[in-house]
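Input: one structure, supplied below.
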Amino acid sequence: MKSSVSIIMGSSSDMPVMKKAQEMLEKFGISYETKVLSAHRSPNDTVDYVNKATQEGISVIIAGAGRAAHLPGVIASHTTIPVIGVPIYTTNFKGIDSLLSILEMPSGIPVATMAIGEAGAKNAAVLAASILSIKDSKVKKQLLLHKKELRDKVIQANVSINKD
Amino acid sequence: MKSSVSIIMGSSSDMPVMKKAQEMLEKFGISYETKVLSAHRSPNDTVDYVNKATQEGISVIIAGAGRAAHLPGVIASHTTIPVIGVPIYTTNFKGIDSLLSILEMPSGIPVATMAIGEAGAKNAAVLAASILSIKDSKVKKQLLLHKKELRDKVIQANVSINKD
Amino acid sequence: MKSSVSIIMGSSSDMPVMKKAQEMLEKFGISYETKVLSAHRSPNDTVDYVNKATQEGISVIIAGAGRAAHLPGVIASHTTIPVIGVPIYTTNFKGIDSLLSILEMPSGIPVATMAIGEAGAKNAAVLAASILSIKDSKVKKQLLLHKKELRDKVIQANVSINKD
Amino acid sequence: MKSSVSIIMGSSSDMPVMKKAQEMLEKFGISYETKVLSAHRSPNDTVDYVNKATQEGISVIIAGAGRAAHLPGVIASHTTIPVIGVPIYTTNFKGIDSLLSILEMPSGIPVATMAIGEAGAKNAAVLAASILSIKDSKVKKQLLLHKKELRDKVIQANVSINKD
Amino acid sequence: MKSSVSIIMGSSSDMPVMKKAQEMLEKFGISYETKVLSAHRSPNDTVDYVNKATQEGISVIIAGAGRAAHLPGVIASHTTIPVIGVPIYTTNFKGIDSLLSILEMPSGIPVATMAIGEAGAKNAAVLAASILSIKDSKVKKQLLLHKKELRDKVIQANVSINKD
Amino acid sequence: MKSSVSIIMGSSSDMPVMKKAQEMLEKFGISYETKVLSAHRSPNDTVDYVNKATQEGISVIIAGAGRAAHLPGVIASHTTIPVIGVPIYTTNFKGIDSLLSILEMPSGIPVATMAIGEAGAKNAAVLAASILSIKDSKVKKQLLLHKKELRDKVIQANVSINKD
Amino acid sequence: MKSSVSIIMGSSSDMPVMKKAQEMLEKFGISYETKVLSAHRSPNDTVDYVNKATQEGISVIIAGAGRAAHLPGVIASHTTIPVIGVPIYTTNFKGIDSLLSILEMPSGIPVATMAIGEAGAKNAAVLAASILSIKDSKVKKQLLLHKKELRDKVIQANVSINKD
Amino acid sequence: MKSSVSIIMGSSSDMPVMKKAQEMLEKFGISYETKVLSAHRSPNDTVDYVNKATQEGISVIIAGAGRAAHLPGVIASHTTIPVIGVPIYTTNFKGIDSLLSILEMPSGIPVATMAIGEAGAKNAAVLAASILSIKDSKVKKQLLLHKKELRDKVIQANVSINKD
């Protein structure tokens, strides 16, 4: 296993959201692998994968899940690697069920919680980069570029709204 | 294992709430056993216990948990026995975090959700009795007596408020 | 009455949701009957039906209702059979009104509460099967098959997302 | 039955709240009777009482209930008399469960919903007086006096805060 | 002024909702008049109208308003007639802002609060009929017919879902 | 009337909260007057006062109110002076009812909304100063001093926590 | 800098909302300038602009922002000018995240909070006019005209709904 | 600067909460420094400190803040170091205001959000350790010990509840 980051999601229907994390990692040049694993429908497979990933040297795990979103918490229970949780939007509770199931982890077993949906998935990748940057100066350079880009877009927006 | 019902809780601090389930089962004459098992702090032990309980013939599992209350869902993932979930009250979200983490189980793996806290724990025992009553007429008689008692208390209350 | 399960709903507009329960019961080979009965618009008919169903040997009642969703609670007041409540989605309160009217039953008279809408209706059928399985080993086998299917779908999803 | 108003509550523990309705009716000189009747624990007794009250000429029913507060709705299902609902405060949901179970009655069967708790109970009595005043000019005079009193208290408060 | 009921709304955009109240009153044969009056944009006109309506013998006022829905409360401040409030749905807060602004009237000045939107408007008319029925037996007969119709529809729904 | 600011509250029980606005205005050397006036219990007196205050040259009105907090909105309906609303905390809805009744004013008639309770009352005074400062340089100097004080306290706090 | 009001927004995507403030200021004949500045993506530029605007005599700042809407608060931290905050609607939290990030400013540094979205942006302009009117009688006249227009529209609506 | 972690809080009143992070870091043998810095009351000092900390080699920043909790976001705007946010409990909104102000950071600038209050502060330290462990095997060993301790406590709890 040569990836730095593992992206795990509870269902293939979460793919359009988690794709935002993939794209951002690719932009930063960070290697990753992607898995569908369910805390409730394939619990033993999930534990097996997390144990293997931990041993083979994955540095960060990003896990997206919806509803009673136990997946990030289950992963965090079985590893010392930093786990970043992305709550998936739900119709009935607008993703607040997913958010609370990830955020409210018990004392001692944290999950780094992101915002609900695509913005959260994208930011999960930026946070993963930020974590990797503490030991990888190339990633740090990517992050500085990323910050510059964000500012440049604001400056351009300012010009464009005053043109009209 | 000769108990009919298993009461599991995520932390010994849930005991004062889950005691209400114990008391109600005792009143109905239903045998039970009680365990502290954590979905996050002792995940493997939890799975081992659920597998054993399923094989040894427990008929109903009552599981109480708070915050990111994954315990009832984890149990339901590993057994075909009916699982009743009791959300424990929390200071920050008033138990709504616990409730949603139990209620919002994915399609295919239900947890019978009760109200938050002591009323929920008591009703979990009544529901367990109700489930057992479909094959045990003695428990059914207990439930009919229980319903009569509830009505009698209302009639007495009516007399007493009009006395004052 | 030879059905094992009774599906009751407050309005025929709840049919598209409750159909998910019918389909799941059919898949498990469990017999059922379906009724429209309103706690508010036909209260006496509702009580008459519940009394009759209880005497004729229905083992589980699934009741779906929306808004001030009193139907499951009214049913539970008149029987010792386990009652499973399915909150129907509402526009104004997103089904949270339905959920609380079912979940917050008083101490002594439980309703096994499911998630709001179709996932809840489907899980109501799985829970009904789970309850029946404590006395019917054929249903237990169906549930084990069901769990295997859930896992198989996750394994397939994993393959398919890594193909793209 | 010579009372004009009937005050019904789901439990004798609601008495301290519903007492506010009693006191206000007494102040207005309106006759009333008080009952404890439970929609869930004594459903048949509740229906019997409502039928009797309707026939004997009660003009308004005030019903207080908490949690899955079905009582006012059950009463409204069985009578054409105006029904005023008072949601009782609850620990877990701060009375919002009670409120929604009363407010969200289906189309065709209204309950006049008041605020949660004591202010609601007091206002239920004022609304009952307001309803009676459409056929009873003595009650109308009481309401005019009541409005004058409310204003006088504000004027006095104004004087007193500027004294300090 | 020969109408029995006055329907007031804060904006002509509330008309599609309040039309449900008009239709129901027409069905019951109850006379009414309709006004657009704003608590904030035409406050003096609102007070003038309420004073006039009170003197000329309107028996019930139905007031619909959205957002900071002060209209029903302002009306109730200036009259002893029963005031029924209909919260109008809003995009940002789903009508909960309207609901709380109507429900949470101070102690001493009630507004009979209905559900948000069309169901609330329709039920406001039924409640108005219910209030008028305490002095008008023709309206009472209409209400009994109305209840019979509600039950008949449930019975028909039951037949139709079991036909498919 | 020689005051610059008028502080109005719906009830004398709001005084402990609104006192925070008084204290802050005094600290800034801004003259003010205080009134108890109720939108519901003394509506005509409220309108009379607002008209008088507008004519006599009050520059800013601070209005505190709870529950269906119509007071700030009623005032804003009758004047062109900037109106600052302070939502008072409530037991049932934690002041969210008060907040929404003030915040959700209709298009065209704004109320400058502050946070719930004491922090809101204090900030209402700072905002009033901020408004007055656009024509009064003495008040502007007071605000600059105030900002310096806020920063100084942070610097001191930093020293003190690192001493322990 | 000769503008009286500065309109700042966190992103050019907020322009359709903030345009409502522009339109209203234009109607009142109040000069303004518009900027895109981000509290998070261009923090130093934001501070530089606020310092410059304060020195050059802007009288009121209107700031619109969404999600973790820090922009109005950051601005208020760097100036004594009154700052009006407009929460932008968000999909996940319906703008309540934006609202709370603006409303809940710490004691000592107020932001005058408006309703979420377009109504809030429009009202921000009316409040800005209201603030300017304390030193500019031309703006005061515009506000009186504005109030008359609001009332005239209600009177016309009343005529039109009774025509149909 | 030789610390690995920086703990920053918005007010010295947050110290009892943030102490939980200090204690956990001490237990893991991780060096840290603690600062009070306010996003609103000392914004320039905050930026100066973050710039200095970034240059001097701090690896992780933990920031606790309440109400409009802009502090973690402001810090994340000025650094590429991973920032962990701890929402402080508030009376009015129970910390949900703090949570949303931290969680809802815009796309591109993440803050790793923890649960509200003490559990969140403790878990922030565990997450910081988890991040450091990707380059420091001593910290990884500490985390494995920590996980063993958590499990041991559950096993002991199980023994003790079955003793009684």
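Each chain gets a letter, A, B, C, D, E, F, G and H, in the order it is written, and its residues are counted from 1.
In the analysis below, contacts are C-beta pairs under 8 Å (C-beta built on N, C-alpha and C of every residue); 3 or more make two chains touch, one makes a residue touch a chain.
Because the structure is a prediction, the values reported are computed rather than measured.
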item: C-D, C-E or A-G - pair sharing over half of the G-H contact pairs; value: C-D
item: Averaged-CA centre spacing for the pair chain H and chain F, given as whole angstrom; value: 35
item: Between chain A and chain F, centroid-to-centroid distance (C-alpha), Å; value: 44
item: Separation of mean Cα positions, chain F and chain B [Å, integer]; value: 50
item: Shared interface positions of chain F, touching two or more other chains; value: 11, 38, 40-41, 67, 92-94, 103-106, 108-109, 115, 119, 150
item: Pairs of chains in contact (touch as defined earlier), listed by label; value: A-B, A-C, A-G, A-H, B-C, B-D, B-H, C-D, C-E, D-E, D-F, E-F, E-G, F-G, F-H, G-H
item: Residues of chain G touching chain F in the complex; value: 59-60, 80-84, 99, 103-110, 112-115, 118-119, 122-124, 126-127, 130-135, 140, 143-144, 146-147, 150
item: Parts of chain F lying in touch with chain H, wherever the complex brings them together; value: 89, 94-95, 115-117, 119, 150-151, 153-155, 157-158, 160-162
item: Contact set on chain C toward chain D in their complex; value: 10-11, 38-41, 43, 47, 67-68, 70, 73-74, 76-78, 90, 92-93, 96-97, 100-106, 108-109
item: Residue numbers on chain G that touch chain A, as the complex places them; value: 11-12, 15, 34-38, 40-42, 45, 67, 91-94
